[in-house]
Amino acid sequence: MIQRRVIVVLAFVGLLTGVWGSPAHTAADRDKLLSEPGVYGTFAAFGLAEDWAKQDLPTRIAHLTAMKGVVEQHREKIAIDLYLLRGLSDHADILFRIHAAELRDTQKFLVDLQNSLMGRNLKGAGIMNGMAKKANYVPGFPDQVKADLKAASEHGPNPYAIVIPIRKNAEWWALDQEKRAAMMKEHTEAALPYHKTVKRKLYHSSGLDDLDFITYFETSKLEDFHSLILSLERVKEFQYTRRFGHPTLLGTMKSLDELIETLAQ
Amino acid sequence: MIQRRVIVVLAFVGLLTGVWGSPAHTAADRDKLLSEPGVYGTFAAFGLAEDWAKQDLPTRIAHLTAMKGVVEQHREKIAIDLYLLRGLSDHADILFRIHAAELRDTQKFLVDLQNSLMGRNLKGAGIMNGMAKKANYVPGFPDQVKADLKAASEHGPNPYAIVIPIRKNAEWWALDQEKRAAMMKEHTEAALPYHKTVKRKLYHSSGLDDLDFITYFETSKLEDFHSLILSLERVKEFQYTRRFGHPTLLGTMKSLDELIETLAQ
Amino acid sequence: MIQRRVIVVLAFVGLLTGVWGSPAHTAADRDKLLSEPGVYGTFAAFGLAEDWAKQDLPTRIAHLTAMKGVVEQHREKIAIDLYLLRGLSDHADILFRIHAAELRDTQKFLVDLQNSLMGRNLKGAGIMNGMAKKANYVPGFPDQVKADLKAASEHGPNPYAIVIPIRKNAEWWALDQEKRAAMMKEHTEAALPYHKTVKRKLYHSSGLDDLDFITYFETSKLEDFHSLILSLERVKEFQYTRRFGHPTLLGTMKSLDELIETLAQ
Amino acid sequence: MIQRRVIVVLAFVGLLTGVWGSPAHTAADRDKLLSEPGVYGTFAAFGLAEDWAKQDLPTRIAHLTAMKGVVEQHREKIAIDLYLLRGLSDHADILFRIHAAELRDTQKFLVDLQNSLMGRNLKGAGIMNGMAKKANYVPGFPDQVKADLKAASEHGPNPYAIVIPIRKNAEWWALDQEKRAAMMKEHTEAALPYHKTVKRKLYHSSGLDDLDFITYFETSKLEDFHSLILSLERVKEFQYTRRFGHPTLLGTMKSLDELIETLAQ
Amino acid sequence: MIQRRVIVVLAFVGLLTGVWGSPAHTAADRDKLLSEPGVYGTFAAFGLAEDWAKQDLPTRIAHLTAMKGVVEQHREKIAIDLYLLRGLSDHADILFRIHAAELRDTQKFLVDLQNSLMGRNLKGAGIMNGMAKKANYVPGFPDQVKADLKAASEHGPNPYAIVIPIRKNAEWWALDQEKRAAMMKEHTEAALPYHKTVKRKLYHSSGLDDLDFITYFETSKLEDFHSLILSLERVKEFQYTRRFGHPTLLGTMKSLDELIETLAQ
């Protein structure tokens, strides 16, 4: 019954119907931001403050409405994806994935979010920054493989999302380019069977964080994802990995309204 | 005397008699969830917030009743086991072991739990996710051994339970399949003498957490369990283990009502 | 003057005279628990909550009286030693060493302690579990040495106590039994000169915690203890030690009443 | 609208126009402090206390005014740069870079800051100390390269700033001077292409902190900075690095008034 | 102006003039404690609780007066030095260095301090224990060098003090005595040029803490200290060091009254 009441109130303030603000704003070119090289990707995870559980419904709604306003305003310029980590990861409760042409735009969004009414409920639990680069498909693959790799992965609504930060060891960087390329070819081949059900995106982080890469996955079939990781642990390149995870973030992708609905309860 | 009063009150609200809700719900097929491959296992540990110790009995009962409601509701779909860690482990006070066909069902339960009245008393202390797979009994064992391995382990009521997360090193994964199988045979042989008194279950975690495996044990004879671990430390496969424990969770298995009674005091 | 007032009040409530409860209870066979194999030893360290320093004397006395009651009640079944760590270790303020035939009895005591009025002042700072085993004196020692090793160590009242957890590396466990025995003989010889002034007790922990051993020492001569550790760092067996301490707990042994008096001030 | 109100109030108290105090003070010779050897550089990072988000605007303004006063007073003697980390780094919200002829002057500033009204909002998140030394340009470079290295790097207003602490391993220090010099030459050559757009400054830390070096970067082109780090990971000297980052601090450079304006919102 | 008011009040309560208590007490033989072997040295670091910044001046003065009383009372028996870490180290705000013939006397002081009114403002940030031993000057040095080493180091008032804990690896302890002595000779030679301006004192910690040594330095010339550490990183013995710092504590030495004055502001 509590749940029904939440939905009524949310509908009243327009949170569920999505009418709030949208017409007035021009959305950033999300597709471009998510596909082009040179774009920065930031993963910002937050825990909910202990007070959150003690606040009454109207207060929660007011704070979530503030969050909604900030997200929608910044979506004019940057792409923002949301994930619910609570219940699957112990590092944080919610995760924002932000794509922006300049990291200062990401910073503005996150500062505005923390300065908003909702900010007092959010405890920073980790920020990772990376940059998308042109995918340098390893040469020498047959055309069919190249076509397969270019085809989009598919999954249903609200897929699972997994973020695994990676740091290579000094030996990796000291290898000559050819040896690294050969190992990356083996890596790509091992991943190929899972391309259809597990979507991957790679971010380069060296210098922007204590990482070399952020690997991001979306899938509706967690078992396939697990098998993919097992395959990748078995190729030679994995032996040059100094850090794999720590943390591994596992959650479910949510629309802004779905996430708000979950948090309001 | 306080203890007697607690029991009276608990009986009054039906917490001890178990009448609450059960008739209306259809339980998940617990046996299937605990035995079949492809099922996800999640270990969620919580500490009790500092405020908990300061709350009066009616408040505690109200919050525990809320917890009971959430657990029973979700037991329609998922299997939930409970453990008291307090007094034996310093990492957390209580532990939930959850088996579900989909991790999103586990997430729903844990989100509902944290959104419930009891949620404000629970501080997340760690979540580990894994997946049950078909036990690939190492070939080459005599029939008697195979039969022994298939026989159920036995223990009395409220056994001790131990959870040990494991991460293998890169060398392990780089070994060819045969060598790994030979070492797993040695591992299984070393464990055989303890099969009757120590129940084991294995979860595969690669990619779902910063782990490769979660090993779970139940026993009424802790000394046998200790001897089992000593035996496993001596086989060759142990030298490929990068992380063993950290944390090791040790507690006692409790029914929902038993756990509530302990926490209410 | 404050100190005098404390003593008066403590005497009034019978805390210092020890009349509280003792006649009615039958003490556990402490000597047996501390000397026999198969007994479990648990080290539970607690910090005092920040609020403790702000409470007035009557409140402190009330809470300490509650603690005294819980300790005395459980002493019927288990052996409980107390230590003051504050001022010598930064990991915790007080330490309980508990010996019990079953770890579930230890758990009951610690749960009761945390559920008592005193519980709200105690912040868990670490629990380590181990098991006493028959001391397998290395064969081949001359009779005089064996006799020396069996003789009890001596120290004055309120000795220093030191707890050092130990984890051996995988290479250690992979050694054959003979090589390990030879190294343990060297280890025992190195410790011999300190046997008279430094009392030692060993607990086996594999699987019960993230440890292999808990080593416990009592001495009135800290300098001898320091020399003993230096000697042990120099024998070959030490090179197979992966973790030595972390934490090292150093404190002074106190009777229940002495500890209460110190905390009441 | 809230933002506009903030600006009005800030202007009223003179925070934005910068009239406060400046005429009466003689600034430290900032250029000298930032360029000469023997000067100490300290990086002090702070998080904002959780209460900060809950304070009303006048309180925030009062506290920020106090901070402004302390910074301006100490700028008579030491050079103070300010950075906004929030939204890009998870380790802290703001960062002070302080250059002083004596570390005790830096200590006085930071103690005054923490003793000021603003102090109660600042949670220490890390301090790193180092010393500037005469840049010992590796001999053997052609004149043109030497000239290039001496030319100032350029960037626009409010550049990104990155701080990466470094610890070399024992092998590095055990190398003879010639081998180290040869590797540093390779290091310098790898960095050369990025000299124009990425400004670097090196601080020597051995003994002043758990570090050997603090490397500091300013740039308007983060992509160039990322490429620079990738280049430096590939030279031989990188294999003697035991710690690189942990934390890596990434933020944007702000004037005192800009930072105050951001925090006031 | 606030600062002036503090000084007036402090003078009034006798904090600055030092008349409080001194005549009535007999000081411990400080010189003996600081120079003789067999004496225990303890480094106890504390942070100031967050509440401290919010208390009014009279409350602060009352609490600091309590601290002054405890320190002066125990100075009859033990030697207590004080340091301000705030602003230079992120691990703590103040540091006590205590020399005592028995660690139980140190414990009594620190327990009294935490039980005093000031105790509620102090958050334990680390305790390290060690023991002074007879300096075994490496044989074979020319007489002039021996004389130089025995000469006292000099520095001005309120010097910088640095504390660096050290743990050697197992290989170090496994070396035969001669090899260790030869390396220590090289170590001592490397340190010689800095003997005049950097005062050193060594404490042996094995078993008393998770350390083997605590090295303590005092200097007015930080640059010399930095050069000394660089020299020590280059000798062979440094390669047997498993932990160097973590934490490195850097602060300034203060008299009791100076420290109180700084904290009162």
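Should a chain be cited, it is by its letter among A, B, C, D and E, assigned in written order, with residues numbered from 1 in that chain.
Everything below uses one rule, namely that a residue touches a chain if its C-beta (ideal position, glycine included) is under 8 Å from a C-beta of that chain, and two chains touch if they have at least 3 such contacts.
This is a predicted model, so every value here is computed, not measured.
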Under the touch criterion given at the top, what is the topological distance in steps from chain D to chain E? 1
Please decide if copies chain B and chain C contact each other with the same set of residue positions, more than half shared, or with different positions, and reply same or different. different
How far is the middle of chain A from the middle of chain D, if each middle is the mean of its Cα atoms, in Å? 29
Chain centres from averaged Cα atoms put chain A and chain C apart, in whole Å, by 48
Tell me, which residues of chain C touch at least two other chains? none
Ring order from chain A, via chain D next? A, D, E, C, B
Which stretch or stretches of chain B touch chain C in the complex? 50, 53-54, 84, 86-90, 158, 160, 162, 164, 222-223, 225-226, 228-230, 233-234, 236, 238-239, 241, 244-248, 250, 252, 262, 265
Which chain C residues qualify as touching chain B in the complex? 38, 40, 42, 44, 49, 103-104, 106-112, 114-115, 119-120, 123-127, 129, 131, 170-171, 173-174, 204, 206-210, 212
